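You will see two complexes here that share chain A, one where it goes with chain B and one where it goes with chain C.
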Partner chain A sequence: MIFALAESIIEPLAEFSRPAIDWHALSPELTLLGVGVLVTVLDILYKERGKQIMLVITGLGFLAALIPIITLAVDGVASEPRILFNGAYVVDGFSLILKAMFLIAGYVVVLLSSQYVADGDYWENEYYGLLSASLLGMLVMTSARDLITIFVALELLSIPIYMLATWNKRNPKGNEAGIKYYLTGVFASGIMLYGMSLIFGASGSTILKDIFSSPDFLRSESSAFVVLGIVFSLSAFAFKVSGFPFHTWAPDTYEGAPTPVTAFLSVASKAAGFVALMQLIVVGFYGREDVYAPLMWFLAAASMTGGNIIALRQKNIVRLMAYSGVAQAGFMLAPLAVVGVSTTSADQGISSIIAYLVIYTAMNLGVFGIILVVARRTRSGDVKSYNGLFSVAPTMAVLMTIFLMSLAGVPPLGGWYAKFSIFRALISANTVSGYVLAGVAAVNTVIALGYYGRLAARMWFEKPAEELEIVGGASEIGSSENAEVENGSDVSVENAYEKQIVGVKQTIKAPFSLGIALGITLIATLLFGIVPGTLTHFTTVSLF
Partner chain B sequence: MNQFLDDFGLSIMVFVPLITGLIIMLIPRAKEELIKQLALGSSLATLGWAILLTVRFDIDNASTLQFVVDTDWITAIGSRYIMGIDGLALPLILLTTLIVPLCIIYSFNHWPEPANPKSFLTLILILETGMLGTFVAQDLILFFVFFEVVLLPMYFMIGVWGGQNRRYASLKFFLYTLFGSALMLISFLALYFLADGTAAGLDVVNTFDMRALSDGATGAIARTSQLWIFAGMFLGFGVKVPIFPFHTWLPDAHTEAPTVGSVILAAVLLKLGTYGFVRIAIPILPEAASAWAPVIGVLAVIGIIYGALGCLAQKDLKRLIAFSSVAHMGFVMLGIATLTNIGITAAVFGMVAHGLITGMLFFLAGSIKERYHTLDMSKLGGLLTDAPRMGWVVAFCAMASLGLPGLAGFWGEFPVILASYSPAAILSESMFRTFMVIAAVGTVLAAGYLLWMLQKAAFGTAGGGSVDLTPGATPHNGDGDDHLPKANTAIKDTTKREWIAWAPLLVLILGLGVYPRLVHEVVEPATEKSLEINVGNIKYDCLELSPSSATDCFNEIRNRNG
Partner chain C sequence: MSIVAVAVSPSWYLILSGVLFSIGVLGLLVRRNPLVMFMCVELMLNAVNLTFVTFAREFGHLGGQAAVLFVLTVAAAEVVVGLAILVSVLRLRPGATADDISSLKG
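Let's look at the complex of A and B:
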C-alpha cells in the first residue's frame, strides 16, 4: 500500500515536463542570482581577506545584470512582452524599467554601504550576499503576475532585509529594528496569504489575468469573500510601502538599522511594494474598483496627511525621513484610487507612479548619502547637527538642499515632475474623488515644505552648533557606534572619533564611493526635473 | 542677425543670468573681484539684450506675440517650450532687467551680513532667470516652472542675509506662495483636460499652450468648472500679489529681507501675481473672470484701505513701505477687476510704477538703516539736515508714491479710479462706483501716511534713545549712539554708488509721469486683445453686454464649442 501511495505521488512527477523557458527573458535574474552565490561562496573561501573584492564584485555584478535588460529592451520587449509559465511571469516594458531602477538603486546602495562598512568595527561579508538576494526578490516582483509568484518574491526580498536591519547585532536599537520589522512583516505576510486564498477561492486561479476574467470574481454575490480577499492582500503591501496607518514599524526600523540599509529600505523595498500593488490592482483586481478605490483613496490621504504632520515634530533626521517616506508613499498611492475610471487613466496612473518611484529613489538615496557623509563626522542623527552646514561644508549643504527641495517638489528639480505627474493622473480621471484627492495632495505639498524647509534653514541660516557633551545616546543616528562607545566594548571607533560632537566644525569631504553615489543621484534628480522627457520615454508603459 | 534674434533672442535673455550664476558657483570664493564683475557684466548684458529686443520689437503690432519660440519640451504630458513677448510683457521685462543690475551696483563692495558675495550674486542671477522666464513663457507648465524657480533664491536671500526674524519670515513667504501655486497647478491641469476646441474648428485638444487656450478653447467648459478653475488660479496669483487676506507674508518678508531682496521682491516678484491675472486668468477664462470680478474688487478695495491703515500703525519704516505695497497692489487689482481696457492698462502701468517707486523706497530704507542703524521712525528724523540730497530723494519718492500728478504713481491710480466709474457692462455699475469712492478715500489715506512718514524720517531732528532733544541741551552720548540735535556730520549724504543705482529709477519715475504714453502705447493694444473673446475667427463681446444677455452670449460660445 505504501508503494501504491508512493507511486501515486511519483507517477505525475515522472510525467512532469519542464515548461519552455525563455532564458533570455530570465537572464537579469539569473545574473543576479550568480552574483549572490558568488559573493557567498567567496565569503566562505576568503573570509577576512575578501574584504576588498566583495564590494567590487557586488557592484559590478549589479551593473552586469543591467546588460541583459538593455538587450531585452533592444529586442522590443516593450511592444511584445515575453510571457512565461502560462502568464505567471511576464517580462514587459513595465518590468524592464523597474528592474533597471532596482539595479541602479542597488548599485548606489552598495556605494553608500562601502564606507559605512569599512568604518564599522566588524566586517560581515554576508551583507552583500543578503543585499543581492533581496534585490533578486525585487526583480522577480516586477514580473510576477501570479499570486504565488508575488508571495515568493515578497518573501525573497523581505527576509534578507529582516537580517540586514539587525546587522548592528550588539546594539539594542539594531535588534529592536530587526525584530519590529520582522514581526510586523510576517504578520502582514500571513494576512496577505489569507487574502490570497480567499481570492483563489472566489476566482479559481492564482494567475492575475485569470482572476480578472473570472466571472465569479466580478460577481457581486461573492462580494464578502472578494472584499475580504482584496482588502487583506492589499493591506499587506500597504505595510510594505509604509502607508499610514500601517507605517508604525518604519521610524524605529529606520532608526535602528544601519543607515545604508535604511536607504535601501526606504526606496527599493518601498518600490517593490508599489510594484506589487500596481500589478494586483491593475491586472488582477481591475474589475473591482468598488473595493480597492476607496481603500486606496483613504490610504493615500491618510499617509500624506499623517506622515507629514508627524514629520513636522521629528528631531532625528532618520526618523524625519521615515515619516517623510510615509507622506511620499501617500502621493504614490493616490493615482491607484482613480485607475479604475478608464484604461487611459490606468495607464496614466501606472506611468505616473513609476516616474515618481524612479525620481523618489534618486532623491531619497541622495538625502541618505548626505546623511551618511555628515554622520561620519558628527556621529549624530540629531537635526541640530545640520546647523550651519553651509558655512563649513558648502557642497554638502547645497546638495542636501537640492535633494530636500526636490522632495518638496520645487521646480525645476526632479521632485516637481514626480508630483506633477501624480496631479495629472488624478485630474485626468475627471471625477470628484480625483479632484478632492488632488486638493489634499496640494495642501500636503505645503505641509511637507514646512519640515524640508526648516531643515534647509538649519543648514543655511544657523550658526554651527557648539561642541556638546554627549548625553547617553540621545542623539544617535541609529548606528551601533554610539552604543558601543558607551559600552566600552569597542575602542577602535572611539579612537577614530576622539570626541563626539553634535555639529560640524571642519569641512567635510565625501569619500570617493559616496561621492559617486551622490553624483549619480544628483544627475538623476536634476535631469528628470529639467528634461522629464528622458524619463517619460521609459515610464510610458501599460499593464494591459 | 534678425533671424537669430527672433529664434533665440528670448531664450538667451532668460538663460544668460542662470548660466552666469552657474559659472560663478564654480569660481573659488577668493576671486571675489572676478565674481562681482562677471555678475554685473552679465546683468548689464541682459539689460542690453532686452533693449536690443525692444528696438526690434514691432510696436505697431504690440498685441501680437513676437520672438516666438515653440519647440518640444515634455512631450509625454503635452507641455511645450513656448516663449514670446507682447506689449503686456515688454514693460515688465525691461523693468526686471533694469532692476537687477541696479541691485548689484547698489550692493557692490557693500554686502549685507554675512557678506559672501558669491552666493548672494548667484542667487540674484538665478532669480533673474526665474522672473524673466515667467514673463516670456507662453505655456502653462513652463510658466509654472519659472514662477516657482523664483521661490528658492528668495527664500535663501531672506533667510541668510535677512534681519532678526529671518527664519520665520522666509519660511512664511515660502509656504504661502507654495500653497497658492500648488492649487494653481491643479487648475492648470484641469484646464488641460477640459479645454476642447475641436467643435469650434480649433485644433486644440488637451494643451497647455496659453495662446490656444485664450483663443476660445475653454469656451466649452461648464460654468461651475470654470469658476473652480479660476478659484485655483486666484489663490495662486492672489497670494503672490498679495490680495488682502493672503497678504500677511508680505510685511514680514519685506521687513526681514536685505535691502536688495526687498527691492526685487517689491519691484518684480509681486508683479508675477498680477501679471498672471492679466496674462492667464482673464484671457483664458473670461466668463469666470466676470463672475469673480466683484470678489476681486471687494478684496482690492479692502486691501487699499487696510494697507493704508496698516501703514499708519507702523513704527518701522520698512514695514510701512511694505504695507503701502498692499495698498498699491489693491489699486492694481481693482484696475484688473474692472475688466476694461483702461483699467487693465492702468493696472499694468501701476505695476511698472510701483516697481520703480517702491523699489526706490526700499533702496532708501536700506540706506537710511545703514546711516542711522535703525528704522524705528520714532528714532529717525532730520534726514533733510543730515543728508539733504538723500532727504529730497525720499521726499520725491514719497510724492511719487502718493500719486502726485506728473510722476509715475499718478498714472497707476487715477485711471483705475476712472475705470471703476464705468466698469465692463457685465459688471454691476453701482458696485464698482462704490469701489471707486472707497479707492479715492484710499488715495487720501496714502497721502496721509506718506507725508507722515516723510515728516518722521526727514524733518526735524533724530530723536529717541538717550539723546535729549530739547534745543540747547547738552547732548550726552548713551550707548554709542551719537545722534545730535543739530545736523549730524557723521551721516554721509548720498554716495556715488547710490546715485548710480538710483538715477535710472528717478529719471524713469519722472519720465513716465510726464510722458506715460511710453508704456501705454505698447500695453494698450495687448490689453485690448486679452479682453477680446475670439473663438476661431468670430469675435464675441460678452463682457460688454449686460449681465443677462452676457449669459446668453457665453452659452452661445459653449454651444458652438460643444
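Let's look at the complex of A and C:
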C-alpha cells in the first residue's frame, strides 16, 4: 500500500521534465556561492585557527569568479545574450561588465577590510561569508529581468549588509547605524513590493519584457495602478542609491558602520540600486516615460543640489563622503530622465551610467582606502586630521588629492570622463528638460569643487593639527566626538571610550593589502580618464 | 440574508490590502516602539501578498502566487536579522524608543 501511495505521488512528477539550464551562464554566481559556503563551513571547522586563510580564500574566490565572466565574454555573450528561465534571467553584455565591476569592487573591499577587521576585536570569518552573500545578490541583480528576481536579489544583497553595518555591536553608534539602515531598508522594500504587486495587476506578468509589451500597461484606464506602481517601485531604489529626499539613513549609517563596510555600501550597494533602476526603466517601464521621467528628473536635480549644499558644512570625513555620494548619485540619475526620448538616447544613457558607476567605484574606494590609512594613525574622523597631511605622508596626500579631484571632475582624471559622458547623454537627447538638467549638473559641478577643493587644500597648505580629540578603538573612525549613551542607562562602555590625545605628526604608512587596494583604484582612476576608450569598449551595451 | 448574498468581488480584496498597507506605513512612521515598527512592516508585506494573490486568481497566472511564497520566505529572513539587531540595541539601551536612538546626527 505504501508503494502504491508513493507511486501515486511520484507518477505525476515523472512527467515533469526539468527545463534546460545553461550552467556556463550561471557559473559566476555558482562560483561565488561556492566561496560563500566554503568560508562559512571552514569557519565552523577551524574557528580561531582559520583567521588567516579566510581573507585569502575570499579574495581569491572573488577573483576566481571573474574567470567564467571572461570565458562568457569570449563566447560572444555580448552579441547574443543567454536568456534563462523564460526571460527572468538574462546574461548579456550589460550584466557582464557590471558583474566584473562588482567582483573587483568586492576584492578591493576585502583588501580594505583585512587590517581593519583584524585590528578590532571581532569574529572575522562571518564577515567574509556575509560579504560573499551580499556580492552574490549584486551579481544576481545584474541579470534579473523579472520583478520577483529583482526583489530576491535586492534582499540577498541587503540583508547581509544590515548585519555588516551593525558589526560594532557593543558600541551604541554601531547599533544605531544598523537599526536605522534596517528600518529604512525594510520600509523601502515594502513600498517596492506594493508597487510591484500593482504593476503585476496592471500588466498580468512579472517578467519585465512582458510588462513592456503588455497592452494593458500602456492603456490609460489602468493608469492609477501603473502610476502608483512605477512611482513606488522606483522610489524604493532611490532609498538604495541614497537619492535626495530618501538619503537620510546614509550619513548616520556610514558614520556608525565599520569603514570598509561603509566603502562597500557607498559603491557596491549604490551601484546595485542603479542596476535595478536601469533594468526596470529601460526594459520594463519603457513605454511609460510620462511617469518615470519627471520622477527621475526631480530625484536627479534634488540629489545633486541637496547633497552638495549639505556636504559643504560637514566636519566629519565620512559624513562628507556620504553627502558627496548623494550628489554623485544625482549625476547618475540624470540620464534616466531622458532615456525615454529614443532608443539611441536610452543606449547612450545606459552606457554613460555604467561608465560613471565604474569610475565612481574606483575613485570612491580609493578615498575610503586613504581614510582607513589615515585613521589607523590618528584614530579620528575629523576633517582636521587631514591638515598638513602632505608634510606627514606625502604619498597619501598626493593620492587623496588625485581621488578628490577625480570626484570633482577635473581633467584628465576618470571623474572628468564620467561627468562628460553624463553631459553628453543629457545634451544629445535634445529636449528642454535634458538641457535644463545639464545646466543644474554644471552648476553643481562647481559647488562640489568647493568642498573637495577645501579638503585638498587642508592637506597641502595647513599646518598639522597639534591635538585631535579621538575616540577608542579602530571601530570609531566614523565618529569625531565622544559617544554618550543618552537615556542615562548604566551601560559598560567606558573602556571603549577613554579619551586620548595623540599628535598626528607621525609617519603614516599603508599596510601591504591597503597598498594594493590603493594601487588598483589609482590605476583605474588614471587610466579611464586618460584613455577612456579602454572603458567605453566595455560599457557600450544595449538593453534592447 | 441579504448580507450573505452580496458577491465578494476582487476589488474588495484590493481595497482591504490598500487599507492594510496604509495602516502599516502610517504605523511605521508614527509609532516609536521599534518592535511595533517591525510589526507594521509585516503588515505592509502581508498587504502585498494579498494583492498578489488577488491578481493571480483574477488572471489565472501562477506568477503572483509564486511571488507570495518568495515574499513570505524573505520576510522571515528579514525579521530574524531585524530582531537580532534590535536585541543588540536594547542590550545597550534598555527600553529605548526610536527617538532615543539618535546619537548620530549632523
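Observations on the structure shown:
We adopt the following convention: the second predicted complex is superposed on the first by the 493 of 544 C-alpha atoms of A that agree within 3 Å, B and C clash if a C-alpha of one lies under 4 Å from a C-alpha of the other, contacts with A are read in each partner's own complex, and residues count from 1 in each chain.
Convention: a contact is a pair of C-beta atoms (placed from the backbone, for glycine too) under 8 Å apart; a residue touches a chain by one contact, two chains touch by 3 or more.
Everything numeric in this text was worked out from a predicted model, so none of it was measured.
Residue contacts after overlaying the shared chain place A:Thr248 against neither chain B nor chain C.
In the superposition on chain A, contact of A:Pro172 is made with chain C only, not with chain B.
Residue contacts after overlaying the shared chain place A:Asn316 against chain C, while chain B stays out of touching range. In the superposition on chain A, A:Thr431 makes contact with neither chain B nor chain C. In the superposed model, A:Ile159 makes contact with chain C only, not with chain B. Of the two partner chains placed around the shared chain by superposition, chain C is the only one that A:Ile148 touches, whereas chain B remains out of contact. By the document's definition of touching, of the two partners only chain C reaches A:Thr206; chain B does not. By the document's definition of touching, neither partner reaches A:Thr184: not chain B, not chain C.
Which of chain B and chain C touches more residues of chain A: that partner is C.
Common to the chain B-facing and chain C-facing surfaces of chain A is no residue whatsoever. Within the complex formed with chain A, the chain B residues making contact are 72-77, 141, 144-145, 148-149, 151-152, 155-156, 159-160, 166-167, 170-171, 174-175, 178-179, 182-183, 185-186, 189-190, 192-194. Against chain B, in their complex, chain A makes its touches with residues 351, 390, 405, 408, 410-412, 416-417, 420-421, 423-424, 427-428, 430, 435, 438-439, 441-443, 445-446, 449-450, 453-454, 457, 460-461, 531-533, 536-537, 539-540.
By the touch criterion given at the top, residues 14, 21, 24-25, 28, 34, 37, 41, 44-45, 47-48, 51-52, 54-55, 59, 61, 63-64, 66-67, 70-71, 74, 77-78, 81-82, 84-86, 88-89, 92-96, 98, 100-106 of chain C touch chain A in their complex. Within the complex formed with chain C, the chain A residues making contact are 147-148, 151-152, 155, 159, 162-163, 166, 169-170, 172-173, 175-180, 182-183, 186-187, 189-191, 193-194, 196-198, 200-201, 204-207, 251-252, 255-256, 314-316, 319, 479, 483-487, 489, 491, 493.
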